[in-house]
Amino acid sequence: MNLTHPFFDADGDKLREECGIFGVIGAKDAASITALGLHALQHRGQEACGIVSVDGADFYARRGIGHVAQVFSGPAMFAELPGTMASGHVRYSTTGGQGLRNVQPLHADLARGAFSIAHNGNISNAMALKRELVNKGSIFQSTSDTEVIIHLIATSRYPTLLDKFVDALRMVEGAYSLICTTPKRMVACRDPLGIRPLVMGKMGDATIFASETVALDVIGADFVREVEPGEIVEVRIDGRVTSHRPFGNHAARPCIFEHVYFSRPDSVTGDRSIYEVRKQIGVELAKETPVEADLVIPVPDSGVPAAIGYAQQSGIPFELGIIRSHYVGRTFIQPEDGARHADVKRKHNANRALVAGKRIVLIDDSIVRGTTSLKIVQMMRDAGAAEVHMRVASPPTNNSCFYGVDTPERSKLLAARMDIQGMAEFIHADSLAFVSIDGLYRAVGEAKRDAAKPSYCDACFTGDYPTRLTDLIEKESPDQLSLAVDELT
Amino acid sequence: MNLTHPFFDADGDKLREECGIFGVIGAKDAASITALGLHALQHRGQEACGIVSVDGADFYARRGIGHVAQVFSGPAMFAELPGTMASGHVRYSTTGGQGLRNVQPLHADLARGAFSIAHNGNISNAMALKRELVNKGSIFQSTSDTEVIIHLIATSRYPTLLDKFVDALRMVEGAYSLICTTPKRMVACRDPLGIRPLVMGKMGDATIFASETVALDVIGADFVREVEPGEIVEVRIDGRVTSHRPFGNHAARPCIFEHVYFSRPDSVTGDRSIYEVRKQIGVELAKETPVEADLVIPVPDSGVPAAIGYAQQSGIPFELGIIRSHYVGRTFIQPEDGARHADVKRKHNANRALVAGKRIVLIDDSIVRGTTSLKIVQMMRDAGAAEVHMRVASPPTNNSCFYGVDTPERSKLLAARMDIQGMAEFIHADSLAFVSIDGLYRAVGEAKRDAAKPSYCDACFTGDYPTRLTDLIEKESPDQLSLAVDELT
Amino acid sequence: MNLTHPFFDADGDKLREECGIFGVIGAKDAASITALGLHALQHRGQEACGIVSVDGADFYARRGIGHVAQVFSGPAMFAELPGTMASGHVRYSTTGGQGLRNVQPLHADLARGAFSIAHNGNISNAMALKRELVNKGSIFQSTSDTEVIIHLIATSRYPTLLDKFVDALRMVEGAYSLICTTPKRMVACRDPLGIRPLVMGKMGDATIFASETVALDVIGADFVREVEPGEIVEVRIDGRVTSHRPFGNHAARPCIFEHVYFSRPDSVTGDRSIYEVRKQIGVELAKETPVEADLVIPVPDSGVPAAIGYAQQSGIPFELGIIRSHYVGRTFIQPEDGARHADVKRKHNANRALVAGKRIVLIDDSIVRGTTSLKIVQMMRDAGAAEVHMRVASPPTNNSCFYGVDTPERSKLLAARMDIQGMAEFIHADSLAFVSIDGLYRAVGEAKRDAAKPSYCDACFTGDYPTRLTDLIEKESPDQLSLAVDELT
Amino acid sequence: MNLTHPFFDADGDKLREECGIFGVIGAKDAASITALGLHALQHRGQEACGIVSVDGADFYARRGIGHVAQVFSGPAMFAELPGTMASGHVRYSTTGGQGLRNVQPLHADLARGAFSIAHNGNISNAMALKRELVNKGSIFQSTSDTEVIIHLIATSRYPTLLDKFVDALRMVEGAYSLICTTPKRMVACRDPLGIRPLVMGKMGDATIFASETVALDVIGADFVREVEPGEIVEVRIDGRVTSHRPFGNHAARPCIFEHVYFSRPDSVTGDRSIYEVRKQIGVELAKETPVEADLVIPVPDSGVPAAIGYAQQSGIPFELGIIRSHYVGRTFIQPEDGARHADVKRKHNANRALVAGKRIVLIDDSIVRGTTSLKIVQMMRDAGAAEVHMRVASPPTNNSCFYGVDTPERSKLLAARMDIQGMAEFIHADSLAFVSIDGLYRAVGEAKRDAAKPSYCDACFTGDYPTRLTDLIEKESPDQLSLAVDELT
């Protein structure tokens, strides 16, 4: 069953993880292992990808628009990526149409040698830092906030590359998991709150870093541990591993939405699989907001585990009332007449014979703008459903993310615009309920959310942002900071 | 849930439908409706597709290698396919590497005017007919057996195009569903046994033909009826419909494998959905070969409906023990070391936390060569499953198909090489069972298979072929039929 | 010095040869020899090219849009064209936008075996023959008149391929030089009047056919003789050569415009080079229409040899008063303002310092529509020329060609619209003169044109067409011959 | 007649100008005017080109591999390059295979605003400057020495962009003609010795800069004057022109090889055309080294003007004894046997009928490695020439250029390896002579070369380099300057 999120979401009705990263050091075929690892992380970024390999001296790169299996598709390609170290990146849309320039890993030649960097996250003071760097003579080639880190390293006065790296990260605020490669070392690190994930694995003598454990499974590596919040792990080409903690200790605040939607169900965090957590959210949901119905129907594919949980808890049979097509492309053309609702039917089709005359519980993972929910509920009614009850496996999403997730602006979020009753009416459901924030924390294994010291970043549900948001503050208070215009006199 | 079969099956371990066809007459935007319809039939042929439109006088064509959403992807494209009639085709690999030449619909300019033709099926005397036509001066441009029909029409002595068409089909043996377009008419027909499917729908004034009902759903059309075995339906551009039956009456023998695997679960034949039939096969399987176990796990995605049926009948919980990735491409490259079994893991990954220590029933739709089953069973064992019992939702596949389905030669079919016990050992399962042929007939609504007069073509399970197989017989008894070689004297 | 005609003539102000052909049998690397030969014939057709090779059994083909050096550009390409026989074709625009379908050599699989054919010329009853063939069931794939010959061969009742070939050519009227390949033979032939050229050469054991001798030079082969008008030369793969003359004897009428413009100056016909003939035309022109002037200036590049002849005969110095750029592409974009006459200047630029204040004689090879002459004369005046006298190295072109040369329709030919005085005024020249038809015949070595029995086809100058023009006659007397439209009843 | 140098010179037997530049400010359609201007400069760089346009605020760029007419070929393309200012660049091979990264104009966003830069020349201390910049934190994106100038500007402490620009150029040594664009200004400048050319023109209100006058001709602009050595010309968007001379006065040393080979014959420097100079070199050559012969034959195309001069001075007839093909591509494939010398014949073919039995004088513009001369002399002998005397329209080329011309290293230059007698034997000529250095200076209008104060850079003939060559000196005395390698500790 496909529980990864497969397609560009044309409705903009899902939140989108912006990146996945992977690195390996000490392995023959490092580049093809990286391709395989990125492939397993494809759900984290489907629009572009890149791999940089290193042979102990030189760097080799290939970046492209498209899926990993398209961009990296032949032995010749890997022959051009030699070396026992490689790192890679998958990403969503290269904002600003700059095409390949923004596709990572980024690479730079510095005085102390070359290095490359792959980044998952978002730097919340990138604009402010960029302004300063440009004023001192740095020339930017991309619009990626990752390039800010590179220029901070290049202009740092510290003597060694590791010191420069730490110096650069001290200036940075926000969320970042990074994999950095030099000719003889790989350095992986995670921001002090550990907002974005990063795990470490082992396969023979090789060390691996990846956004999720599923990338370890797919290449056949063993999970070692998570890279800890604020930790810098340095791996030498001879296999020696050193851990640095230059930023002191902070309580971790990993992103809770990874459990709800981003991560693959077969990934593991802590000691439980994402699949289990999602099924458990379904169980909590069934306990919190039961309903009398004939069938539990998942909105495919991300609603499936919660639907199984809901069905097992409630005793209502789990059935496939909606069939999802594999073949949805993003640029598909619509006939102008005749074929009403063709766009949603192209992706989802009702299993009419099953649904007709039945009371159904629809299970989805989240509601963002509400546009898809509206269409799905209507499709069920058109197929003859007697009642349609919607149950959502996350609390209402009513705040934007500034940590590397592409969220619509707040005013477009359905939950920011109306209350639950209004939402139910908007999507034409007979009833609508969301799991509570405490229910969600129970599903991940806590008693409830500790408001004073929450264990996760849950800002999208609560508005409780764990870092300062410099660029946002400046943008909302525009002042004399505009870039000086060209004056040649 | 994605129950369509999404990817090229690298193991060659599924049978593959070779084509899907679609036609519409009397609709504005006929070409884009056709693209949408073909898109819904994409699972029937994923390697190439084509659309021919007609504006009452001229023909416009576009054909390409790739999915419908890739080949037909912009408004400009449809502007080049004007007219109120269009027909289209999706297909598997263009055998012989002839590239676009074999991509349908094929088109020809005859003395009586131009026409195009889209074909699903296989002509079992194509080689013999081609030899004769070439001897009389016909020049073939493709290796497609469909071109045989075109030359038979071109050289027929009958006066009208319809008469020529009937004259041509009389010479043809095998399976065919055809959609033929002339400047002012659309003609759809099905071979006398109705081996391959073809349905007829209505949307406003427009008439639609398609391989499966799901294509009607997706465009928003209503199902009217199946085109009957041996029937030729002629639709004029003004909407008038005429039915011709030049071949007399035969008992129908539609392909039963459409129920098992080819058709989309949301398609309907007779009055039941394919999903229901498949769930019912799971029910029959649970009755015929029960097993004590902790979890019922489908081999995704085609095993899901039968697994739900098996779980509901047996009371054993349905769980997702295998996670399937959306992103498998066919040319993906494998690291040469380290990553053992990466190919199967790239597609399927075990949900370890769930499976470990459990007795599981694996449900798959069929076993062809057995290579995938072997890997999946091993993956379950590697993930810690205590026992692995395989249950298969079709009888043993031990004969090749000559009616438009790509089957390995007989000697490669696992069920033709060994008995069930041998197969169980081959795939390392603790037990293995197939649904019986009578169980399968029960699932489609009959009491059992009537050996004297079976209601379906089930030759792949029984070897009982409903037509003569001329080319096969000639091939197996080679004689003096070889093509004359070039002798210029 | 580049005396080949290099670019697409955007003004349509040159006649264009429509094709060049080349074949070799008995040579290792036959395909790459063919590419080299076609390259030397590139001036005869610059828009598309193709090569078919044969390895004694199978045919291998590659065709493409573009120059030979673009379409055939790597060793891998030639590895896919194995065998000791190959034939090739260069051509102008594939009329009708049918793209690659019309690119030759064409290929067909007949009952007697496969063959390919490359054609230079034009069949003047192609439409009439095609109509008949279609009525009998032939299906055409291209709009090329060459395909008519193929279908005539395919449907011939004669037993051997050579007999079929002769049978087909008997029905054909017009101009053709053909190179035909079967698995074991190469057959070259020329129409009974020998309108289009074809020569035969030898290199070791290999036999070569080509449109011009320059192709023999470039590959290092020796010239043997011309293929004679009406001759069919058959070469077996073992090297045996047989000559057939099935059409009796006719007086030859080769195209005289080959001397004026089409052929490369380094090609040889009879025993003199084209360069010599063209220089001699300049000499005749200087004798017939002398003028007092300071400089003889060629319109580059095709006017150069005649200008040298004119300068040597008149004693007026030869100078480069117009510089031609190498880099004119056809799709180049023009600024909308500012740059007046940019299009002609892009190709030709005046050598101002040389021309200013001088009386000049401009020498060009021919005037077709007059548009280029008009611009060139004006350019000389803008550069300060005191007087501009135009001398043309061919008689006035006032009839269309129907033998394989792309001519504007008659009403567009300047010489068909006005007399010489009118033409002089149209192009703003101080004087204008053309070589006389007898002067042209003197330059090719005859005393004068024998009106009763001319030795060349000179229809473009005289209107004296040496064959019947069936299609033209039918087109000008349209009758009930229109193709029957589609009627399905 | 094509006197521009048309093709990649596969033998490496010509020196190659590395760039041409063009800019226009104050014109509607600035980008398409720039394309036309670059097209006229195509002979200065045929491998890649780029245009940047500015609309008073934003920059728009397009760069590509290939000829101008290929890279800029449709109205849509120019619609994407709006604005009344544009600059462009044509270049030879992007050294280092960095593809598009090195294609100019380069662009950068600095603190004081964005600008772009197009450069013709070579900076002879680029490596040294780059090392320093990287040590201070600059990150280079290309291997182009032009980027050094950009980083010098970006890191300059001066307040205005013009001051930064002057500050940067003060640090630079070598040859440069630059066209720099800011949102509201265009700045053109030439190095203090004026080694590389740059002219200024006017068309209505628009100001134009270009490498040669031919670009002005082609767009219909008037020549105003040369940009003077060491001058910075600043043009505001309102048309005001200001000249700056921050580097004091130097005696000019323009490249004399522009007259011999690089420039187009229809370009003008001083008050004489390049064509006249070249003809005059032929005259000097005939005076210095006469020979008894029957024909003067140019090596096409660059030898033509000198051959006309030689013929006029000597009275020996000028004839086209070698025909050059237009269609030579660089990747053309050679048959492995049979076709001896096919590569040279593909480009040049002997006019046998003319040459046989004659004593000929061959005129070429220069001899670099001697490989082409060797083949051409042999071709003349194979065609039956009785005697072959080679005369060369430049002095022996025996030193490398470090100012923007691609020269083989010194050890590959024929004239650096042997004396004239040795060279004559090497190329198998009956006699060989070069014009003297004083003869060359006479042809450009001086009495003779003033060794104390030569008026031109003639280092390729004399070894007298007019600037310091820092990078060369460092390379030849390698010391501890190597880049620090990556050390992360």
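Worth a mention:
Letters A, B, C and D name the chains as they come in the text, with residue numbers starting at 1 for each one.
Basically, contacts are C-beta pairs under 8 Å (C-beta built on N, C-alpha and C of every residue); 3 or more make two chains touch, one makes a residue touch a chain.
As the structure is a prediction and not an experimental result, all values here were calculated from the model.
Common neighbours of subunit B and subunit C under the contact definition above are absent.
One inter-chain figure worth recording: subunit B and subunit D are separated by 63 Å, centre to centre, where each centre is the mean of the chain's CA atoms. For this pair, subunit A with subunit B, the centres built from the Cα atoms lie 37 Å apart.
Computed centre separation for the pair subunit A/subunit D is 52 angstrom, with centres defined by C-alpha atoms.
Within subunit D, not a single residue touches two or more of the remaining chains.
Taken as a graph of touching chains, this assembly is arranged as a ring, one closed cycle with exactly two partners per chain. Interface residues of subunit A facing subunit D in the complex, by the touch rule stated above, are 108-115, 134-141, 150-151, 154-156, 160-162, 182-185, 187, 234, 483-489. Every residue of subunit A that touches subunit B in the complex is listed here, in rising order: 1-7, 27-29, 32-33, 35-36, 39-40, 42-43, 46, 67-70, 72-75, 77-78, 203-204, 206, 214, 217-220, 264-266, 268, 272-273, 275-276, 298, 300-301, 304-305, 308, 312, 317-320, 322-342, 345-346, 349-354.
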